[in-house]
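Next, two complexes with subunit A in common: one pairs it with subunit B, the other with subunit C.
And now, the complex of A and B:
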C-alpha cells in the first residue's frame, strides 16, 4: 500500500541555547531544539532531529500556594535560588526557567539589581542554559529585564516575554547582549505572527525567536493551545517564515493551577492520591503538547519530568 | 503566487541595450531588482529585435545564473532556442515557457521537460487557435495534462496558461477564462498550476493597471497560482497578496504584506 505523504516545503528553525566557554559563556553544555521538517514523529514524512528539551521552572522567591507534591520536592530549597537551581538539575532539567516573580509590584517588588543578583547566583550554581522570564508587569519588566539581560551577557539565554504591546525594550536588550527571545501571544495565531514581524522589524533574526502561544492545561483550554500550535506549525512547514519558530509551553505552571492536579484527597476522595495525580496530570499535558509541536517544555514536578522523559525515550527508540 | 518576473525581456530598452553591448551589469541589475521585489522566477526573453536568438538566450541565461539561483523561465516559441536554453541552464531550476496545447507539439516538448527535470507552461492554444468558449479551453487544458502524465512529467511541474485576451476588444473572454480556470483544477489531483501573463489584458486600455490588478484578484479566487508580471509593481503584488490572504492561503496578521515578503524573499 502506498502511504500518503505530506510534502512540506520548509523546516522549523533550529535554535541553540546556552554558551560554553568556547562560545564566550560559562555553560557546561548547550541545548538545541527545532529543525524538524514535518510534524512530530512522522518519521516516514521527514526528519525530526531534536527531541523536545525539558526546562524546570524555578522562582526568584519562595512561591506561595504551591500544592503539597511540589512543596515536597522543593520547599527545603526554594528560599535559596542557587540551591533550587541545583535541585532542579538533579531532577533532570536540561535547562532552567528562572521566573522573576518577585520583581512584580504585587509579589515583592524586588529591584532590577536584586533580580540580576539572582540570575548571577543561578549561573554560578549550575551549568545548564537559562530561560529568564519576567514578571509580566510591563513597566517593571522594562526596568528589570535590561539589567538581567546585561548580567547574563554572553550566556545565550532565552528571555521573555515580548508581547504586541511591549516588545521594544526586551528586543533591544536581547540584541545588545546576545540572547534569544520569546514572543508571546494570547492563544491567538494572528497575534503570534504579528509579534514575530514586530520583533524582526527591529533587526532581530527570525531564527532567534521562540513562540510562546500561551499554554492551556488538560481540561482547561488545552484544545485551544493544541490547535493553535498545530495550525502555526503547518503554516511554518508550508513556507510561512513568521511561524517557523520553535514553540515553548509552560506546562508545569498551567497544570498545577487546575483543581484536578492540586485538589486535596479530602475534598475529592474519589480522585485518588494527590502525589500521583498531580505529576500525572502534568506529564499528560506535556505529552499532548509535544504532539502539537512543542519543543521546549517548562515543567515543575520531578516525577512528571521523569515520566515525560521516559516517554520521549520510547518515542525516539 | 509564483511570481515570474517579466522584466528580463529584450523588448525593454535597458535589457536590449545590455544584450547589444554585452553589458552583464545591466542584466544583473534587472535580475536582482526583480528578485529583491519578490520574484520567485525570472522570465528570460530575447525580445523581438534579436537577430541571433539562440546565442542571446544562452548568454542571458549564463549571465543571470551568475547572480541568482531562482527558477529561470525560458521564454521562446522556437524549439531550437528552447533546447539551447535548457542546456545552458545548468544551475537553476527551469520553467519552459512554453508549448502550445497541440498534440504534436506536446509530444515534442513534454519529453524535453522530463529529460531536463523542468517545469513547463502549456498554452491553451490548439490547432484552430485560441479557443473561444469554456469547453474547448478545458479540452485543450485536459490534453496538456494528459500528455504530461503520458510522458512522466509530474503535475506539480505543469502550468496551464488559459490565455488572457485584451479587455477592450474581447471583453466577454475574461469571464470565460475565469470559468475555465476553476475547471482546470478538477483535471487531476494534485491539479496543474494555472499561470497567466497579464500584459495582454490592458493593452490599449486607459485603465490598464486597474484592469490587471482587478483581474489578478479574481484569478486568485479561481485558482490562479502563478503570474508573469513585473515583481516591482507593488500595487499588483499587494493586490494578490491580499486576495490570497482572504482565500486563507496565509494566516492573517496586521502586517501580512511584510510577512508575505519575508516568506517569499529569494535574495541571497
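And now, the complex of A and C:
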C-alpha cells in the first residue's frame, strides 16, 4: 500500500519544568513535555516522546462556590495551601498550578507578600514543579508576579500569563529569576504568534514559552479551542517557529463552571449522579482536547485526573 | 478528490469543435469543473474518459445511511482531515449495546433506558441514535427475539452484531424494514453476509484486522454488489485504533483510495471501568470515527459523549450565536438584576453559567453583535452605547427591570457615562470577567 505518512518538518519544542538540587532548585522531580514530531500519538509517522503532563489547580485562598464533588475532594484542606498542595500530589498531580485568585481586587485583594508567602509554603510542602498563575487583573499582576517570581527564583516554574496588552513585567521577571512563561491569546492564532514575538523580542527564548490559547469547556466552546490548537499545531509542525510551543489547557477551571458538570441531581434529575457526572465531564474535555495537541492539562477533580491518566497510559503503552 | 479544469481538459479530444456550445475544449472543461456543464454535453469524449470523470466525482468517503424513516442516520461523506479546513459533515452515530444474553425483561429495560438518553442543551436536542444488539448467546432465535424487543421499544437505528449469518438472517426477519447495519462480514463469512445485505438492501460492516486485510475484504464485498460499507479494523489498543482511523481517512481523502473510502466503526467496552470507554470514544469521535459503540448507558456517561459529538461536528465557519433579547435565569422578579452581554455563544454561555451559579435570579439582555465577544464587538462598534440603547428599547427591558438599572460588562466601562445619558437608566459597571459575577451578584443583588 502507498504511504500516507505526513512529512512534518519541525518538532514541537521540548520544555522542562522544575529544578532539582543539582539544577539549583529544590524540586524532587522535573517534568518534561513537548518534543513531538507529529500529531498526538501518531507514532507510525513520528515521535511522541512525552505524554501530556497533568497539573492540579489549587488556590491561594478558600474557593468560592466550588460544587460538591470538588468540596468532597478538597474542602478539609483548601484553607491551607500547603495541605492543599500535598493533597493534590497524593491525587497524582505531576505539577501544581497555584492560582493567585486571592490577589485579585474582587477576590480578596491580597498583597504581593502574602502571595509570595503562599508560593513559598507550597514549594516547601511538595516536591513537584509549579505553575504560578496570576489573577488576571493587569495592575495587580504587575505588583504581585515580580514578588512571587523572586520568591520562587531558581525553581524553574511556569508563570502566567503574558498577554498582548500586558507582558513586559512578567517577561522581565521570568528572565531575571529563571522561569518559563505562558503566553495567552484569546482563541486567535495570530495573537498567539504576536504574543510569542513580543515576549521573544525582550530576549526571552522561544523554547521557554508555553502557549495558552484559552480553553473552552466541553459544550461551551471546546470546539473553538480544539480547532485553534489543531491549526496552531499543524502550522508549528510545518515550520512556523512562533507556533511550535507546547500548549497548556485549563480544563478543570472551565469544566467546573458549567451546569452539566456542577448542577445538582435535584435541579437536573435526568442527568444522573453528580459525583460521577462532574469528574467525567472534566476528563472527557481533557481527552478530546488532547487530540488537538494539549501538552499540559490543568485539572481539578481526582477522579478526572485518575481516568485521564489511565487513558494516557493506554496511549503510551 | 475533485478534478480541476485542467485535469478534465486532459481527458477531452482537444479539437475545439464547439459542439458542446463552448468555444474551446478548455472553456468546456472549466465549466464542467465548476459544475456548470455536464461531460455528456461533449459528443466526442471517450467512454474511458467518462469513467475516469465519474469515479473522480464520486465522494471519496461513501455516504452510508442506516435505518429507515424517522430512525435513520447518515454517516461518512467527509471531505477534510481537520474541521478547521471546512467542517465535519455527518455526525458520528453513537450506539449503546444490548446483549441477547439478558432476560427479555432486562432487554426491554435496557431499550427503555436507551430511549431516555436524550438531552437538551444550547437549544438543541442531542440523543443516542443507535442501539447495537449483540448476539452473545450465539443462538439465532434468541438474537431475533432480542432484536424484536429493541426494535419495538427504541426509535433508533439498529446494529445487528453477529458474525453468524443464520443469526443475522433470523434477526432480519423481524427488522429488515428498519434497514439495520449488519455487523458484520469477515474473511470467512463475507459471502453469506454480503448476500444477505444485498437481498435486504442493508449496509454492512467489514471487519478485518488491519487496513490491508480490510482493503481486500471491502473489494470482495463490493464485488458482491454491496455499496454501503462501514469499516472495523479490530485494532488492539487505543494507539493502533487511532492509527487505523487516521490512515483510512487519509487514504480516502489524500489518495482517493476507494477500498478504504468508508466510515469507520469503533467499539468501547467498559470492562468494569465506567470512565475510560467514554474518554476513548471522545478521542475517536474527534479523530474520524463514523460510529462509536459502547456499553456505557448511564446519562452521566452519554451526556458528555453526545456533547463531544455536538461540538466536533459544529460548523466552524458559522459563528455560534444565541438569540438576541431578554433571557431569564431562574424566576426573576421585578427587583432582579438586568445584565447585558453579546450574542457570541461562548460569551453568553459563560455569563449564563456564572449567573446561574450565583443563584440570583436575573435577566440577561443579549445584544446582537453578530456573534462577537465583548471586546471584539466593542472595538468593531457593535457593542457601544448606540447598539446597547437600541437593544434596550427594542426588547423593552423596562418591562422586566422597572428599577431602571442596568449592569454592563466591566470591559466596556468607558461606555457607562454615555449610556446613562442616552438611556436615562442608571448604568452599573459589572465585573470585568464572568467569574466575578457570582460574588458581585450575591453581594449587591442577593437581598
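Convention: the second predicted complex is superposed on the first by the 316 of 317 C-alpha atoms of A that agree within 3 Å, B and C clash if a C-alpha of one lies under 4 Å from a C-alpha of the other, contacts with A are read in each partner's own complex, and residues count from 1 in each chain.
Rule of thumb we're sticking to: contacts are C-beta pairs under 8 Å (C-beta built on N, C-alpha and C of every residue); 3 or more make two chains touch, one makes a residue touch a chain.
Remember, it's a predicted structure, so these values are computed and weren't measured experimentally.
Legend: residue contacts after superposition of the two complexes on their common chain; A:307 is shown touching subunit C, with no touch to subunit B.
In the superposition on chain A, A:231 makes contact with both subunit B and subunit C. In the superposition on chain A, A:241 makes contact with subunit B only, while subunit C stays out of contact range.
Residue contacts after overlaying the shared chain place A:41 against subunit C, while subunit B stays out of touching range.
In the superposition on chain A, A:87 makes contact with neither subunit B nor subunit C.
By the touch criterion stated above, A:193 is placed in contact with subunit B alone, subunit C being left untouched. Looking at the superposition, the partner that touches the larger set of subunit A residues, subunit B or subunit C, turns out to be C.
When both complexes are overlaid on chain A, the residue A:2 reaches subunit C alone and has no touch with subunit B.
Residues common to the contacts of subunit A with subunit B and with subunit C across the two structures: 231. Residue ranges on subunit B touching subunit A, taken from their complex, read 250-255, 258-259, 262-264. Residues of subunit A touching subunit C in their complex: 1-2, 4, 6, 40-44, 64-65, 106-107, 136-137, 186, 216, 218-224, 226-227, 230-231, 234, 257-260, 262, 270-273, 276-277, 279-281, 283-288, 290-292, 303, 307-308, 310-311, 314-315, 317.
Touching subunit A in their complex are the following residues of subunit C: 82-84, 116, 119, 121-122, 211-212, 215, 237-239, 242-243, 246-247, 250-251, 254-255, 257, 273-276, 278-280, 282-283, 285-287, 298-301, 303-305, 307-308, 310-312, 314, 316, 320, 345-346, 349-350, 353-354, 356-358, 373, 431-433, 435-436, 438-440.
Remark: subunit A residues 189-191, 193-194, 197-198, 200-201, 206, 231-232, 235, 239-243 touch subunit B in the complex.
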